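The letters A, B, C, D and E name the chains in turn, as written, and every chain counts its residues from 1.
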Amino acid sequence: GSANEEGASGGLTINGAGASSQEAAQSAWRTGFLKNNDGTINYDPVGSGGGREQFTSGGVDFAGSDAYLDDKEVKAAQERCGEGGFVEVPAYVSPVALITNIEGVDSIKLKPETIAKIFNQKITKWNDPEIAATNKGVDLPDTTIVPVNRADESGTTENFVEYLEAAAPEQWPHEVSGNWPVEGGEAAQGTSGVVQAVKNGSGTIGYADASQAGDLTTVEVGVGDEFVKYSPEAAAAVLDVSERAKGRGEHSFAYDLARDTKESGTYPIVLVSYVLSCTNYDNADKAAMVKDYFNYMISAEGQKAAAEQAGSAPISDELRSKIQPAVEAIGSSNSGS
Amino acid sequence: MSTSTTTPEQDPELHTPLGGVPLTAGQLPRGAAPGMLVASAVAGLLLWLLAGWAIVPCALLAAAAYVVIVYTWSRAVEGPRKATDRLVTAIVSGAFLLALLPLISVLFTVVSKGLERFDAEFFTYSMVGVTGEGGGIYHAMMGTLIITGLAALISVPIGMLTAIYLVEYGRGKLAKAITFFVDVMTGIPSIVAGLFAYALFVMIFGPGVRMGIAGAVALSVLMIPTVVRSTEEMLKLVPNELREASYALGVPRWRTIVKVVLPTALAGIATGVTLAIARVIGETAPLLVTAGLTDGDNFDPFDGRMTTLSVYSYYEYVSPGLFAEASFDRAWGAALVLIIIVMVLNLIARIISKLFAPKTR
Amino acid sequence: MASTTEAPPRKDRAPQRPGDRIFAGISTGSGVLILLALAGVAVFLVTEAWPSLTAPAEDIPGGEGLALYIWPLLFGTLISAVLALVIAVPLAVAIALFITHYAPRSIAKALGYVIDLLAAVPSIIFGLWGINVLAPVTVDPTTWLSEHLGWIPFFAGPASSTGRTMLVAIIVLAVMVLPIITAVVREAFTQTPKLHEEAALAIGSTRWEMIRMAALPFARSSIIGASMLGLGRALGETMAVAMVLSASGGVSFNLISSENPPTIAANIALQFPESSGIAINTLIASGLVLFAITLVVNMIARAVINRRKDFSGAN
Amino acid sequence: MAKRIEVKDLDIYYDKFLAVQGVSMTIQPRSVTALIGPSGCGKSTFLRTLNRMHELVPNARVEGSIVMDDDDLYAPSVDPVNVRRQIGMVFQRANPFPTMSIYDNVAAGLKLNNRRLKKSEMDDLVERSLKSANLWEEVKDRLQKPGSGLSGGQQQRLCIARAVAVQPEVLLMDEPCSALDPISTQAIEDLMLELKANYTIVIVTHNMQQAARVSDTTGFFNLQGVGKPGELVEIDETTKIFSTPSQKATEDYISGRFG
Amino acid sequence: MAKRIEVKDLDIYYDKFLAVQGVSMTIQPRSVTALIGPSGCGKSTFLRTLNRMHELVPNARVEGSIVMDDDDLYAPSVDPVNVRRQIGMVFQRANPFPTMSIYDNVAAGLKLNNRRLKKSEMDDLVERSLKSANLWEEVKDRLQKPGSGLSGGQQQRLCIARAVAVQPEVLLMDEPCSALDPISTQAIEDLMLELKANYTIVIVTHNMQQAARVSDTTGFFNLQGVGKPGELVEIDETTKIFSTPSQKATEDYISGRFG
């Protein structure tokens, strides 16, 4: 252990908790940030709910969350942070890939309606005419479709379901939540569980963080008249066409994503994960460190590090310029002392 | 003689031997059973290799064939009792082999995947500043030892004393209640234990508290019932005769317990304690909410986050990022280390119990 | 010359020497401490669960009320734990017997150690092993079962194509509790007095009859105790089940499809991290139910043990 | 029916410790053979080799041969279960099964051999066995109580009843009367005299008068000294041993008449 | 040093079963009191009440009083541990500690009570105790071996040595010689005669001759019938009991002289 640098002892510690989807990115940010700064940063991947709860109760200095705060939480957060309110910015954007394991098929295109029908178990065979229609020239087998979903409540599910509801409202009558609403599919824990299940099964299709798709076949998703394969740029593009949610304070950049976009070159199934902090900390050093850390996270450099480590999609410069002022607002009322 | 009233009455029937089978009659030929075993195994192998059946049905079939043939043959030649004995022998040995399958499979999986990262860096570095490849588990290893050690320090005395209370002192309502609720405690899901410990520490230290000792408390909630139960069972097996022998020497009860009862039951208790440790050392959820997760070394259980091997391994596995291979290697390596730690503990427990165990058998 | 008057006459009924009183005191204290801790857990559970107990049905996740939310979980918990125990207990007893009574003396110890190794494997490894190794292996046999024995409710099918079924969860649980039960039972078997084993052999018992006459009755209470320990473990096991089981269905005896009821503990682990508000209360309420179940099951087991208390092997 | 047992050059070991050396004797059928000798000389050890109980002690071994009628008890083809089935034993230390009721203790052996015994027959046999061990009157009202709640002598008699119930052909008894009062002792002695019409009986006793009263043949075991193995010094007709023993050691032992 | 024990109207219960009823007797200091009677009449039970071992059986109770010198043994203020320190006991069934070596078994009374002696003193005490139980010669070479590897009689003597080693003021012995050969029996009887100069000794024996040889006072227990409690029929000087007992029952029992 002697090889480790001072660690906990050197400088300040700031603690975070929240979405486990951000864990890999947080690790990259932490490492990158601490190369040039002193101190310690911890991040407990207890889940978005836990992260938000601990943030609003004052247990942690910052939080990561796959969903933005709801109204009740906004109030709690404002109460915790006091005067200046809280900072809520998207920092982690990750495309959600549809992964399949169908014998003899290594590329497949699906329209949103078809995807909804598949996951709603209305289409049950891979050689269904509806699938065949968008996959001319692909030799689709006569196997049963096994849809794989997340067993645990997750931001990935919530974002995917949101997409289905927006892009194929007719075929997807279910309510949006982090819980998978359809019974009878294959359920697996965590991203790795879904990937595992898709890999081990046959005729399987699932949704997972694109970074974990590995060598599984990914679905090209129908957007407007074209089919888009996931890519970081295509994913990040969604944020640029989306609306910012209103009435949540000036430093809150929560987005209602335009899932039904027809915009060419956007990949609409994305997970957007936020980081949360207060604008005001009693401890000036801490405030400075949080601010620096947030700055690093959204910086081009930070986004690149996350992309390299966690496979996320870097946010666009345009978005960065929009959210930068919120991060700049972090400070301390005790800064004089 | 004045004892005529109690003289047993004449009883011709009882007083003639039943006459049994001749000593050598009704024996399967020597080597019959092993021979049959080999024959069924070979038949199974043939089915597998030549007929191309799957290995599992082949093995099952071979085992079933062996059992049936030996049983019927023995029943015909040696009679039902001997046949049953052979049947049970086959079943018991078969059960043992069956249990070895998952064990071998699990160990093979862990060792083959875990050995990948058994290098010096792995054992001497923490995860500070590590992205992608490299990195080590030193911090998590120490965290595991500290937190589990503390948990054992809390639960072993409490658990053993409670078991002693239940077996040696406990009468009446209190004892009943304790026995009963200890059982109930075995069913607490680990995450609930973690949340409970967290809530407890929040009451004392305020929200967001993360410290090693909170993790140890959470683990204790899970560990105590195992310690109590296994110790209790072992104490109950100590013959009353020994307690009486000690009391008769004017030895007070507590000394009798400490010096006679406990040493007699020690081997079993040691096994129970290691089981309890093994039960909790692999917990993740309760530790994440109480002790948290950190990249660096922190060996102070009363301040700040501590990583344990299981939590480390779990999160290396579930959120590997793009360098999944490196992450998975670390996850499996940590798991292997975890198993080795428990093995060593087990070994120590065995040595302890050997040193103090009854020298009878 | 020590005399009984040495101790000043006291009014209390059971005079004890200080050592005894201290020892009895601390051991009673530990027991009480456990009760307090448990009371703490219970209070924690009840207060945390309370909002969901009083909440209107449509606020509970699933929208059909607490009872309907928990019932499949409860069912899944019970069926997995009970069946795991049904597999594990006979196996564990058999293994313990093998080690103590069948295996050659020279290697028996080593064998015991080998089985203890299983206890050393953390849950997540069992989870990983279940997904990676066991589940794929079961796909073919379960397909066969659903085709040929489909009339048995357990094997109704259709068989899962990934093998992440209740059956696999049960097997994993069984493997997990096996070493716990084995270890305790094995110790009980080794403690069986030679005197009684010899008594049985001397009336001409075969090895198995001797075991039935002397070893099994002697270890009876330990077997039940160990099973309770195993049951607790199986009921409360979180991570392995969460990882292995494809929990996407409701109440069903079908063990081999991909639609399985989740278990309470696994469900808490799965849903807790991303939950907030009433959903968390609901999860805790399900924990409370698990608590109650353990209570009832143990009540029954205790009753069974106490029925033959006089016939304890310690006499 | 009753069996003759021929012992030749028997050496008995506990691991490396030679406990008994070079015993040769013939145990006559339809008779009572008594074994006497000082404590620790190997009587129990020897008795336990006769029905292959000795080999249950870890690392214990036997060299030499024991032949019953024409079968070598230690031949590889012989199943010790059959041996013990035919050669019953009462131990020095009473060992009723603590987990069984008094009734079940006696019935334990019966259930093994005649499974299909009717309840009434079973009751009958249990009653008769207990009667012959002179225990029936004392326990008939509490047959379903555990066997461990009996007095020392009652436990001993329970073990005798258990051994008799299976009707073996040879009965080995290790100090069966040591815990018994004169009345029960008399009853057990009567039982032995009755049984010897059909059985072969070997008893170990410290009570010379008892040996003189019940046995036809008496064997005297002795030790040369501490740490030395026990040996069979002399075996002969009981009357001869107690009147004109041929060995000085025997005479010395007998003449210090106690008991 | 030696104590007088006064028993008055003692009723002894096992749960609801009245095992012994209405016993009153005086046990004289510096003497040997023998208790005789048929098996199951409550001798052991009675003996175990004298040092409060009886209450260790679950639900067992005692009514009446036992006074030693001037202390009521069952007074609420009396610590049973102190009682047992002063009143030692040898059990009917030998029970050496299996966890301990032979040496430690003898030293158990001291070691378990944490009374520290110098190594040499302890060695000395162990040797003396073993010698007085006539076991020294047989075990001196294997003092560190487990006590359970001894023969039945050796175990019994080991237990006697263990009881003697703590030098109690009263010594209760439940059939101490039942598993012993005449030579050891003689040695134990000698020991009793020696000890009685300073101790109070109570023995239970089935052996009338032994009672006659060693005891000063003899008490006869009997049962009225099956299921009835045991009673003390008569207690008197040994010579008187064995020559002119005042009760018919005593005479009947004595006259069937066995053993």
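Here, a residue touches a chain if its C-beta (ideal position, glycine included) is under 8 Å from a C-beta of that chain, and two chains touch if they have at least 3 such contacts.
Keep in mind the model is a prediction, meaning the values are calculated, not measured.
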Exercise for the section: Enumerate, in label order, the chains that touch chain A and chain E alike. Expected result: B, C
Completion exercise
Per-chain C-alpha mean nearest global C-alpha mean belongs to chain B
Handout entry: Dominant interface by contact count, named by its two chains
Key = B-C
Problem - CA centroid of chain B to CA centroid of chain E, Å - result: 45
Completion exercise
Taking each chain's mean CA coordinate, chain A and chain B are separated, in whole Å, by 41
Completion exercise
Taking each chain's mean CA coordinate, chain D and chain E are separated, in whole Å, by 28
Practice task
Give, as an integer number of Å, the spacing between the C-alpha centres of chain D and chain C.
Solution key: 46
Handout entry: Touching two or more other chains - residue numbers and ranges from chain B
Key = 1, 3, 20, 81-82, 85, 240, 252-253, 255, 317, 361
Fill in the blank from the handout: Flagged in chain E as touching 2+ other chains are 81-83, 85-86, 93, 149, 253, 256
Practice task
For chain C, jot down the residues that touch at least 2 other chains.
Solution key: 16-17, 20, 132, 193-194, 204, 206-207, 209, 218, 269, 272, 312-315
Practice task
So, with touch as defined above, which chain pairs make the list?
Solution key: A-B, A-C, B-C, B-D, B-E, C-D, C-E, D-E
Fill in the blank from the handout: Given the complex, residues on chain D that touch chain E span 14, 36-40, 42, 44-45, 92-94, 137-138, 140-141, 149-154, 157, 174-175, 178-186, 206-209, 226-227, 253, 256-259
Problem - chain C-facing residues of chain B, complex - result: 20, 54, 56-57, 81-82, 84-85, 88-89, 91-93, 95-96, 98-100, 102-103, 105-107, 109-110, 157-159, 161-162, 164-166, 168-170, 174-175, 177-193, 195-196, 199-200, 221, 224-226, 228-230, 232-234, 236-240, 252-255, 257-258, 267-268, 271-272, 274-275, 278-279, 281-285, 310, 313-314, 317, 335, 338-339, 342-343, 346-347, 350, 361
Problem - chain B residues touching chain E - in the complex, by the definition given at the top - result: 1-3, 240-253, 255-256, 259-260, 263-264, 356-360
Handout entry: chain E to chain B touching residues, read off their complex
Key = 51, 53, 56, 80-86, 88-89, 91, 93, 95-99, 101, 108-109, 111-114, 145-146, 148-149, 159, 162-163, 166, 168, 252-253, 255-256
Handout entry: Interface residues, chain C side, partner chain D - complex
Key = 105, 193-207, 209, 213-214, 217-218, 220, 308, 310-315
